[in-house]
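Should a chain be cited, it is by its letter among A, B, C and D, assigned in written order, with residues numbered from 1 in that chain.
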Amino acid sequence: MIAAIAGRFAMLVLVVWMAASVNFLIPRLADRNPVAERLAQVAAQGGSLSGIDEMVKSYEARFGLDRPLWQQYLGYLGDLARFDLGYSISNYPMRVADQIALALPWTIGLLGTATLVAFAVGSILGALAGWRRGPALARLVLPAFMVLSAIPFYLVGLVFVYVFAYRLEWFPTGGGYTLGSEPTLTVGFVLDLVGHALLPAFSIVIASIGFWALAMRSMMVTIEGEDYVLFAEAKGLKGWRLFWTYGVRNALLPQVTTLALALGKVVTGAVLVEMVFGYPGLGNLLFESVKLNDYFTIYGCVIVLVLTVAVTMLLLDLIVPLLDPRARRRAS
Amino acid sequence: MRINRRDAMALAGVAGVAAAWPAGAQETRTVARGRTLIVGGMAEAPTWTNFQNANYYAAGVDLRNGLMYASEPLFWYNLFKDELIPWLAEGHSWNGDFTQLTIRIRAGAAWSDGRPFTARDVAFTYNMLIENGNGAKNLRKAVDVAQRVERAVVVDDRTVRIELKFPDPRHLFIHPTSYYAHGLYWVPEHVWKDVEDKAAFTFFDIAKGWPLTTSAWSVARVNQTEIVLDRRADWWGAKTGFHEMPAVERIVVVPGGARDRVVQMLATNQIDTAADIQDPNLMLELMRRNPKVTSFTGTKPPIGNLDWWPTSLYFNGADPQWGDVRVRRAIMHAINAQQVTEVTSSGMNDVSHSPFPAFPPLVPFIDGVKDIARKYGIGTFDVAATERLMREAGYAKDSGGFWAKDGKRAGGAMHGIPLLNQVGPVLQQQLRRAGFDVTFFATPDSRRIMMNGECPLMVFGHNGGSINDPLATLEMYHSKSLTPVGRPTFFMARFSNAEFDRAVDPIVGMAPGDPRIMAQVRAAMEVWYRELPEVPIQQWYHRIPMNTTHWTNWPTETNAYMPPAVNFESTPVFVAYKLKPVA
Amino acid sequence: MAHRLEIDGVRRVFPGRAFGGPSVVALHGLSLTLDGARPEIVAVVGESGSGKSTLAQIALGLDDPSAGTVRFDGTSLGRMDEGGRVRFRRAVQAVLQDPFSSFNPFYRVEHAAILALVRFGLAPDRRAARSILADACEAVGLNPADTLGRFPHELSGGQRQRLMVARAMAMRPAVLVADEPVSMVDASLRATILAHLAAMRDAQGVSIIYVTHDLTTAYQVADRLIVLYRGHVVETGTPEEVLKAPAHPYTRLLVDSVPWPDLARPWGRVPKVADGAPVADGCPFRGRCPDATAVCARMPGPAVLSPTRTVRCHLHRSPPA
Amino acid sequence: MTGVAVRRGAVRIGITGVRRYLARNPSLAWGLALAAGLVLFMAGGSLAWDTTLAEPLSAPVARPPSWAHPFGTDTQGRDLLAVMIVGTRLTLKIGMIAGGIGVLVGAAVGFTAAYAGGRIDAAIRTLTDVLLTVPALLFLIVVASSLKGEITSTTMGLMIAALSWMAPARQIRAQALVLRGAPYVVMARLGGMRGTEIVLREMLPNLLPFLMASFVLALAQAILASVGLEALGLGAQDEPTLGMTVYWMMSYSAFVRGFWWWIAAPIVALCLVFVALYLVTAGLDEIANPRLKRRVVA
């Protein structure tokens, strides 16, 4: 068992290392100089570009960008091993770790919550629709949600923003909270936060319920045919008990696996939602740093993504067998 | 970092994660909305980046996020009235040959830690930059300062003498005066002299009172979505009776983010002013939705104030296909600038026929070369002329209907910054209709491609150009500004002409307002119009929304005490001093 | 020419996943020789997981042993040249368990057989191949007109399995591996199919490895019986010897579990443990064995009870020579 | 087994058979109907409407729908009906290039991995997993940068294709692994067939419905990716794809100015495309995965 965990962990390190290496190389393939670009951008405010070449050289030395690529690569791996993400090039002397720490709560708060809500609602809806004795209503609304799930949620978001924020003015058009209000942990402020998160969250939920419902429904259909359910039914188990203890509980496990992966991906896949709703999360940070080719911030964001997905996978591999006797048997 | 953690915590609360509130979180006092100025700042992203950096000379700084309110210049300049407004300085004097500029510091000026603001701070700032510009070269503006200034000498606490490397009658407007993006920021000697690595210094620590400021507001708290500055009771200006205490008690600067969001926030009175809305129709819509919002000219065209960036189509001088002036002219005649302004601004941006912004001090020069412009047919949309010139230049239309010579089509990629997204596609279409195979791109990479000279055509505005004197714009076409392809420059025409240089050179030694300048400008523009390094298209207007719900006395056409643009570093500070509360 | 297939000391270990995970030993050094000069049916019996299907795969050359060799006409499969491979491929054929999925649903039923007949030079062209197959069909009691040219789903399970046997006959192999050929066929057809297999042995001289979990059919057709438990050969002998007087406790368990039509026989002895945990060494069956003692922690050596009979159990010892 | 029975419907095509099959698989029927509608709109539109009106300066600016411009016009004088006709085609073109290459490369890689097994399989699997971590955004901007920003709808499709093969490769590998052990594949090996021949002759035909479903899914994913990138302003700015229309609509404040027709046109078109593809995928899935016995959209 220990050996298995150690082996799995070694695999994790291998994948993270390879992913880190690939993602180290990709931004370097672009014919761009992040130092020069940032300086030029700042200079555009200041009106003068004189002396920019000298400044570029000076900062390249400061960031070690004047060294051969392999030395930079080794240095990068060394820093990474110490969890040191270094400085942002375009926002020097800000640290990449600080940038990520600022962006992460927004992303997790919005997308994490929305994903969980969609998961819960979708799974229950799917379970009801897949259960033979479930309410007919569930079977009726399911197709509508499934069709909605085909539509990317930023499009749903755009429609919502137009209708509910611009036309009806029920919700703010964007942002994290009301401007000028004090960020304190009071009921009022938290409500304000929720108010701002509602519209984006709602559009994500609406557009992803169908995905969860569909998966849950087919699991339920399969389970309903299993012998143990028929047996339990024959024993005279009542409808709802049967539904929860035999149906939902067994169908949920593969769903949880998918959920863990979805939550891992929440960290990245959010650029457009964040843009449509003016939300200051990690997707936004990645987009801005990609635009300026800020190597170090790009690396930081990608590493967060890679680690989240890889660690989620590892945890799943380790935990699922404990939860699911079927998987445990397969493993042995 | 404490405040950021608070944000994180609050959000974590929304996510349903139970979180303990960090003990001892700082309480800030409450300020009434009627005494708070909320500004939607310039930000493409919905967040501030690097908002904990108040070192104006650091490479990654962006003071337009609101930290600008924590600084003041020696002089302000109001170009509408051509008026120099001494602030931290009382006045200045020149020696006879414009090689020594002496500045007199205002009595009683002080930093927010109580230490007086003296000539030493000015001299320290200058000498720090000169030393850096001659050595490490990692501070912004340092190389520029070192190229122009020999040294700054403290004569006494209130007098500083700036010794220049060459006669430069414009120096007052290059470093000591703040307007648009020009001018230096002054740093307190007593803090900065001990800083070892000035490029890595952020000058930011609220606990220490950093950034120290001479202005009436100092930074109270910051996070990635707002910068909050509170008025200081002990501001030197009020204490000495130099200026009344400003009515603005608190300034909150939020990242505007997307333009639509800014408009919405203005319509609902969440913010009082914002960065440029650009689109006059959008401004009209905003003023219709919230009649309390006004512009520099109200609802009257151009619904804004002129900017120093007239839009032009630049030819990349390093591209051989533009070697023949007839091709450049042919392209000029293919452009219908009137249609560009009709489509992009319902005709509210004036068509431009020169590289100068039409500011009052520059209007005489624009008018003074009109006859030359006319002689060269500048700004005439004439497809027949295009046809004739292209044939003369040896081009013929190929099967696709595009001009081509030796199998190569005239045109290519036309890059622009996303700000000019409205203009680009219109120009592209006009040029295509006239037979030029042109494609417009405005990508995140476009700025670099343009600056490095890696595309044949560019849509751009003048950067570093003139405001009150024609020299700065003319110098952009001087061969000393010529940069090889691959090295970045804002002078994208990559133009050089010895005759032009000879006409411009003497202007350097002539003080602004010298009547001899006109003859030199005419001589230079004769070459410019003849050689046509770029095609002037239209003037550019800042459409700055100003909300009168909480604040009045915004700068307007009839009360033009300062241009209202918030994206220039120091002018908003001046406006903040002048605002009057409604309630 | 009589071919000879020797499986010699074959061990097959399935590695765990990369970086850890326990590996599974499916076969522990199994030996079995089929001599074309003396065609016989060897039944390999055992419960699922006993390694009998792995043995079938290895005998067919579809899987490679981790240790030990498989020799065909004296040459190890691993060192065979191209021609040898083709000869082996042709000579060793199979009838698989699942008559439903043994046919590619995309093609008509004769597709694979005709292709193989032509490829191995048993027929000069597709027409000839078809007629060879038709003859084989008739031999197994199928009407070629009703069978050939149809899609797999249009035939019944029994028809399909008989067609598989017909295909095997048409190939004229030296060795046939029949991996549970009747387990998914209606009981009424089992005897027929087994009879065809026996006929192949008798008429064509084909040696057959008959893999099954069903002792009854093994008893009916086999000349020799091998009982596998967790990759170990626990008992060998003639069906008569083994089934009438099982020597190994596991064989006994198997035999007792069979619902014999003889009503006088008691049905089943309840095993001590339903599903014994795998044991690291010693007798693999000791976790379930009702007769297990301390000595079973050591692996018993094979005891030769008769010239045709061996057993691996501490209860038995070879009689002194 | 129903699986075989369902597969029969896909393989043996007859008009009545198709009709009967579609009646049993309404999601496929609806999906195909929608797709046919879109094709009709694109093809019929190109014939009946002047598509050069999709260029800027072709129409009066910012007009609501009228007889002259049934879908209205945008602020740069594009006729939105023409934009939709051209844009739907361009957007589908991007998806076809990316999805097509993605599935072809994915199938090649997936079959190789499944058939070769062992180290090669492990290497391919790790490689695809690692490549899946590369953010599309990063890759696109880096490639665009080396193209000097000059992105066209074709290069856009190719760029997305480079990121589109990993997911199909994984799915096809998994399916091929299942098939590799299928008895009929074993029988083919016993009949003297070798690797490539088995893959092409025995496995591929049975994977066709699955590959079709994979392709439609990859097509939808590619369109999703391209529209996302275009909406961020990273597309072929010169071409009126649906994603670029979203970008222009957003950057020219169609929301605030209340140009509902400009908002509606690309969003409705995109929704129709996505829903059509979704329904077709769901329908094909029923063929490819016979275990889903019930109708996908009940």
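Everything below uses one rule, namely that a residue touches a chain if its C-beta (ideal position, glycine included) is under 8 Å from a C-beta of that chain, and two chains touch if they have at least 3 such contacts.
Given the structure is predicted, the values throughout are model-derived calculations rather than measurements.
Looking at chain B and chain D, the chains that touch each of them are A. When each chain is reduced to the mean of its CA atoms, the one lying nearest the mean of all protein CA atoms is A. Centre-to-centre, using mean CA coordinates, chain A is 23 Å away from chain D.
The mean-CA centres of chain B and chain C are about 86 angstrom from one another, to the nearest whole unit. If you average the CA atoms of chain C and of chain D, the two centres end up 48 Å from each other.
Inter-chain centre distance (chain A to chain C, centres taken as mean C-alpha positions): 52 Å. The multi-chain contact residues of chain D, meaning those touching 2 or more other chains, are 141, 145, 250, 255-256, 258. Across the assembly, chain C contributes 18 as residues in contact with two or more other chains.
Counting partner chains per residue, chain B shows two or more touched chains at residues 258, 260, 264, 444-445.
Residues 126, 129-131, 133-135, 137-139, 141-142, 145-146, 220, 224, 227-228, 231-232, 246, 250, 255-256, 258, 260, 263, 267, 270-271, 274-275, 277-279, 282, 291-294, 296-298 of chain D are the ones that touch chain A when the two sit in their complex. Residues of chain A touching chain B in their complex: 32, 35-55, 57-59, 62, 88-94, 98-99, 101-106, 108-109, 112-113, 116, 165-166, 169, 172-180, 182-185, 189-190, 193-194, 197, 274-275, 278-280, 284, 287-288, 290-292.
Against chain A, the residues of chain B that register as touching in their complex are 1, 3-4, 6-16, 21, 25, 28, 30, 33, 36, 38, 44-47, 49-50, 52-53, 58-62, 64, 133, 136-138, 140-144, 146-147, 180-182, 199-200, 202, 223-226, 252, 254-255, 257-258, 260-261, 264-265, 268, 270-271, 444-445, 447-448, 451, 463-464, 487-490, 569. Every residue of chain D that touches chain B in the complex is listed here, in rising order: 55-57, 61-62, 75-77, 141, 144-145, 148-151, 233-234, 237-238, 250-253, 255-258. Partner chain C is touched in their complex by these residues of chain D: 1, 4-5, 7-8, 11, 122, 182-184, 186-193, 202, 205-206.
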